[in-house]
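Per-chain residue numbering starts at 1, and chain names A, B, C, D and E are given in the order in which the chains are listed.
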Amino acid sequence: MSTKEPEAMTLETFTQGLWKDNPVFVMLLGLCPTLAVTNSAMNALAMGLATTFVLIASGFLVSLLRNVIPKQVRIASYIIIIATFVTMADYGIKAISLDLYKALGAFIQLIVVNCIILGRAEAYASKQTPVKSMINGAGMGFGFTLALLSLGVVREILGSGTLFGIQIMPDRFQTWSVFVLPPGGFFVLAGWLMLFTWLRERKSKQEAL
Amino acid sequence: MSAGTSSSKLVITLGGIAVFSGVLLALTYEITKPMIAKNESEALEAAVFEVLPGAVARENFRLDDTGLRKVEEGSTEEPNLYAGINEAGERVGFALPGEARGYADVVRVLYGYNPENKQVVGLQVLSSNETPGLGDRIEKDPAFQENFTALDASLAHEIETVKNGEKTEPWQIDGISGATVSSKAIGKALRLSTNEWVPKLNAALEAGE
Amino acid sequence: MSEAVQLKTSPHLRGMHSVDKIMRHVVYALLPVSLFSVMQFGLSALALIVTSVLVCVGTEHFFCKRSGTESTVSDWSAVITGLLVALILPPGFPLWMAAVAAFVSIAVGKVFFGGLGYNVFNPALVGRAFAQAAFTVPITTWTPGMAHRRFLEFIPTTLTPPFLKPDFDAFQIWVESLKIDGYSGATPLAMMKFDHIEVDTLELFLGTLASSAGESSALLILLGGLYLAFRKMLNWKIPVAVLGSAFILSGIFYLQNPEVGLPIYPSPFFTVTSGGLMLGAVFMATDMVSSPVTPVGVWIYGILIGSLTVMIRLFGGLNEGVMYAILLGNAATPLINNLTQPRIYGATRKRKEKAA
Amino acid sequence: MDPNSPTFIFLNAFLINNFVLAMFLGLCPFLGVSGKIKTAGNMGLAVTFVMLVSSICAFGLNILLTRYDLEFLRLISYIAVIASAVQLVEMAVKRFSPALFRALGIFLPLITTNCAILGLALFQTAREYTFVQSLAFALGAGAGFTLALLLMAGLREKLDLADVPSVARGAALSLMIAGLLSLAFMGFAGLGG
Amino acid sequence: MSHKLLDIQHFLRGTFNQGIHPPENKHFTAGKPIERLAFPPQLILPLSQHAGKPSVALVRKGQEVARGEPIARADGFVSVPLHAPASGVVKDICLMPSARGPMVESIVLDVYAGDPQEVLYGTDVDVDAIPASDLMQAVQDTGLVGLGGAAFPTHVKLSVPEGCVIDTVLINGCECEPFLTTDHRLMIEQAADLVAGTRILMKAVGAQRAIIGTEDNKLDAVEAIQAVLKPDDVVSVKAVQTKYPQGAEKMLAKALVNREIPSGNFPSAVGLGVFNVATATQIGQLLPKKQGVIERVVTVTGPGIGRPGNYIVPIGTPIRFILDALGFEGSARHLIMGGPMMGGTVSSLDTPITKGCGGLLILNEHQLTTEEQMKRYPCINCGACVDACPMMLNPCEMGRMAHKAQYETMAERYHLNDCFECGSCSYVCPAAIPLVQYFRVAKSVNRTKAAAS
């Protein structure tokens, strides 16, 4: 998917990142934030949206400047652009809610080194039109958010008995704190990956029949 | 730099992007600065009000070897303690910070100290990373918080944490069973902080500010 | 005379041991410890052991059937895992949580890596470590041993319905109704760590105090270990290294104790007889699948576990560190193996000659 | 132990709140370069090295940024300066110690901008560490990363020879080992408290 | 460090590191004096009974041969001649089944029934008069190969490689394989020939001393040999600890003179020449008469045979003949040629006894079934094999690699090629993993690959 020439805009432009090339589940990129901030669904959502913002904005700008930026300083320019938007997101979240900012910690700023973003800039935005880059970036971003949420929701419900901070399990429910602790992050992601592998295997087995 | 693209073009492009992002960031910074400041001050205020029952306003102070000074809003001096003012305009006490090693990481607290009766009158955990369900009860457990409504800080005896159910003296903290380490950390944070600050504060107050 | 041609290659003799025989004998060696825990904690301990063993064996059987292979439960190793999981849990641990621990130990600790022989961590400890991180409060709630009604009723927490929290109020009332003098709900290790009270080592050795179900009697554990060592079914170097290093290291700290006042550091005898160290050293550090094979590596592994245990106990946030020490030892095992490949016959001389 | 002493900061980043296993920093190289013990060792060295360099850079840079009230440029300047500093050091190493360069060489470009490196710089700034504290932090983080990487590589080499079920193969296996390692590292909690 | 200590400890007890103690089972035949079996009606003489190039037949179909007459000549240096084990007529020269399966070129000899079968061939010579430089040729003419099992032409071992000086000859009388007692009986009954042969070997390689090494379960052999030694003799006899595979030359060198033969080298690299007891005895017997090897002592033993014992049989005797004579009801399935640890099963009962074969072991049905019922498990990492391997290899890790067909890594990182297939690791493995088989496959795959590239 990386070296495509400009192509027609299809639904695929958007959905690619949602499922087929999901950055977390399929491409295994950006694992650090995926595991670090998903001990609650809210953190996962905020992180996902912040990343989506950076993806869209940097995709747009990189695409816009794609014919201006010389090849030699390409990566350096992308990094400056990305870092700019990340810093904006950082300040934005701080301005919206200090609690959220504290929970996400340095991981908002670490979006800058998230390889999904530089990867998109390099592989997609630098070759496609601004609108398509934004749409594709949004797809990737939502795919990332989706992955974060699927971890965050499981971890929060099992680990704290709540969802988005609202208690949803009965009072006497025994919470499984391991899921909000660091090992739980690894376990839940491994669990999801195994589930997908299992589904894929089952499907190919059925097709083979 | 290679031939092909002249190096002046490289520098100009890169410089242009840098300038652009600098401007964008400066703008973001200026816009969010007041919002962030407001958030921070609200958070601080909420904490101060929480640890000093009855307080509705706050005054900033700096206590060092030269004595106790009031720090006005907007001054360049960093305040290191805060006074709470009640509706009647009287000072109900000071909010001081403390920290000690907990189970997982450093536990940071803010506590209210009333110089009149030499008591700790409230405590809030500012940051901790204790185990959910076990150590994090230091933040939420009402029975544990009860310890800090009138904890003797006259320094006739050092503040200490005792086993759950074994509190007999006013300077003792009744620990949480199963979270001995975390409850001891709170005791230690208070002990260290009061030992350091209370004599200085009392001296400054007696000298009359 | 039949002329069936069947070429077999040497060797045509086999030693006496087979995997299932070794495993069966380990089960025998664990039986006295298990019986003692039932005697000490009554019905609850029995239910704990039965639950854990059944879930372990059932899980292994289930996954074998799922993957369409022959069931491997007849090799007895799942029974050992089940017994050990039960023996390192608090006796009043809710049965449903014990079932979770047992399931995790086999499913995550063993089947996930490919089953018998391939697990890199000790399965029983994987189960217990998971339970420790998941159910932090119930797993640190201890019950006094030798309660007089232990064979008539369950400890109230034992029968907690699945997915619910145990009822600690009922538990508290039950404990008080036992009217045991000076019982504080703390294990000897916690008393040592937080209050610097050292209980009598002889009691620990014989096993009459609060603890995990099967950790109490160092004596019975040692006897079981000696039996296995003399049948050559257990590598005696590992327990010797673990206990020896823990003894020496804690002995060094013991000598640093102040002359007056409460001791800061426990005596080496207390160290080796208290908590799970004896059970861990004899039955769990010795799980061959997750321990090194090289002659020197085995000593390094044992010493690593012994010293980590002492460091965690004396300077860590936990009063018991055996489980984590063994898991860390397991994690280091491939590296230890790698660094301690024995010098093969005829090797160095060759190198020396080349250098010369 | 005093939580602000360099020794404790080192211990904390090394074992208690291990950079990879508890803080989730540097997972990409952790999962990507942990297949073989030997490579893992070299990678660990390289990361420790780059961490030291970036810690020093970030410390100096932060003083400048604070003095001129340019905190909003922190991220950009950290990235730029760390990347260039590593490049310079790389050239210096190549010139003065070809052997060291061979060991670290191929890893250096890979790690200049990963989150363990940048995270280190950001955390040390956020926690307002002094210079010595920063160095201890960088050393501890590097040692912790190396230890985790070595353990992981050993386990993965061992599991190469195992009959791992097909659903568990690949990334899930690595993640599960990482999870169990993380579980085991919980034993270090409270160390030195 | 710890290995240094181990070394010292084991040297004092006279043995090597590690190894195993399988049940000896020598009681079947240890007390039985060597007997001669009747001649069979037909002998089958493969042209390749030794390591190296096959011999070249000197006789034609239908030709009459006398007992002891050369019937095939050596084809080059690493090859030996073959002598007629009995008087008779060459029935055919054709492909015949061999013990390991494939058909090999063999001389089939119909033995004259009723012939006195005296050895008329050969001339008495004064061995002491033969110069050392001619001894090698004299030995080659006897057709002698290592009787310790490897069947490597003995004279080749007498040519000391450039740059090596051999100071000591070791005579290997360990016979560490369970069941076998050939060497044991030879040492007791033919001690004089053994010592004479030893002296010839010393002279041939220029050694100043010789040690006859045996295990401490054969002290009667030590006494018998001591009886024929002079006081202050340069030949001595020493009993080392009974342990398998004490008889492997590397282990013996360690146990007797504490020298380690470097990986990939011959004993000559550390100044040693190692020969089997039977080999030395044959030299002592054949050289003074300038005769060739025509018969050997074979231990026929095991729970499946009626009259176990140590028998002199002509080379080429079909196994079926021996078994019928001694009372056997079973199949090739029950039969092992050699000892239980290193010997192999045979493809057919019609294969002959060759020069290198010192034992026939006949198991019974019960033993076979218990053996076969031993269940295979995955390796449980118990380390028993690591503790058993006399070469200090890591069979556990190699077994796991073989399971994944990582043969090259086994050779590169785990010294696969130092494994001499003694079987100690397989013996102790509780998971019944066929480790030695794995290693054989691995070595042959690596060899094929190396040859291809």
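Quick note on the criterion: a contact is a pair of C-beta atoms (placed from the backbone, for glycine too) under 8 Å apart; a residue touches a chain by one contact, two chains touch by 3 or more.
For clarity, every value in this text was computed on a predicted model and none was experimentally measured.
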Chains in contact with subunit B and also with subunit E, listed by label, are C, D
Whole-angstrom distance, CA centroid of subunit B to CA centroid of subunit D, is 30
With chain centres taken as the means of their Cα atoms, state the distance from subunit B to subunit C in Å. 43
Rounded to the nearest Å, the gap separating the Cα centres of subunit C and subunit E is 49
Residues in subunit A with touches to at least two other chains are numbered 76, 80, 83-84, 87, 91, 177-178, 181, 183-184
Residues of subunit C touching at least two other chains: 114-115, 117-118, 130, 133, 136, 317
Where does subunit D touch two or more other chains at once, residue-wise? 72, 76, 163, 168, 173, 176, 180, 183, 186, 189-190, 192-193
Touching pairs of chains, all of them, please. A-B, A-C, A-D, B-C, B-D, C-D, C-E, D-E
List the residues on subunit D that touch subunit C in their complex, please. 37, 150-151, 154-155, 157-159, 162-165, 168, 173, 176-177, 180-181, 183-193
Residue ranges of subunit C touching subunit D (in the complex, touch as defined): 67, 108, 111-115, 117-118, 120-121, 126, 129-130, 133, 308, 311-312, 315-318, 321, 323-325, 327-328, 330-335, 338
Which residues of subunit C touch subunit E once you look at their complex with the stated criterion? 1-15, 17-22, 75, 114-118, 235, 288-296, 298-299, 337, 341-347, 349-350, 353
State the interface residues of subunit D toward subunit A in the complex, per the touch definition above. 21-28, 31, 72, 74-76, 79-80, 113-115, 118-119, 122-123, 126, 166-173, 175-176, 178-180, 182-183, 186
Quick check on the complex: what are the subunit D residues that touch subunit B? 1, 3, 12, 16-17, 71-73, 76, 189-190, 192-193
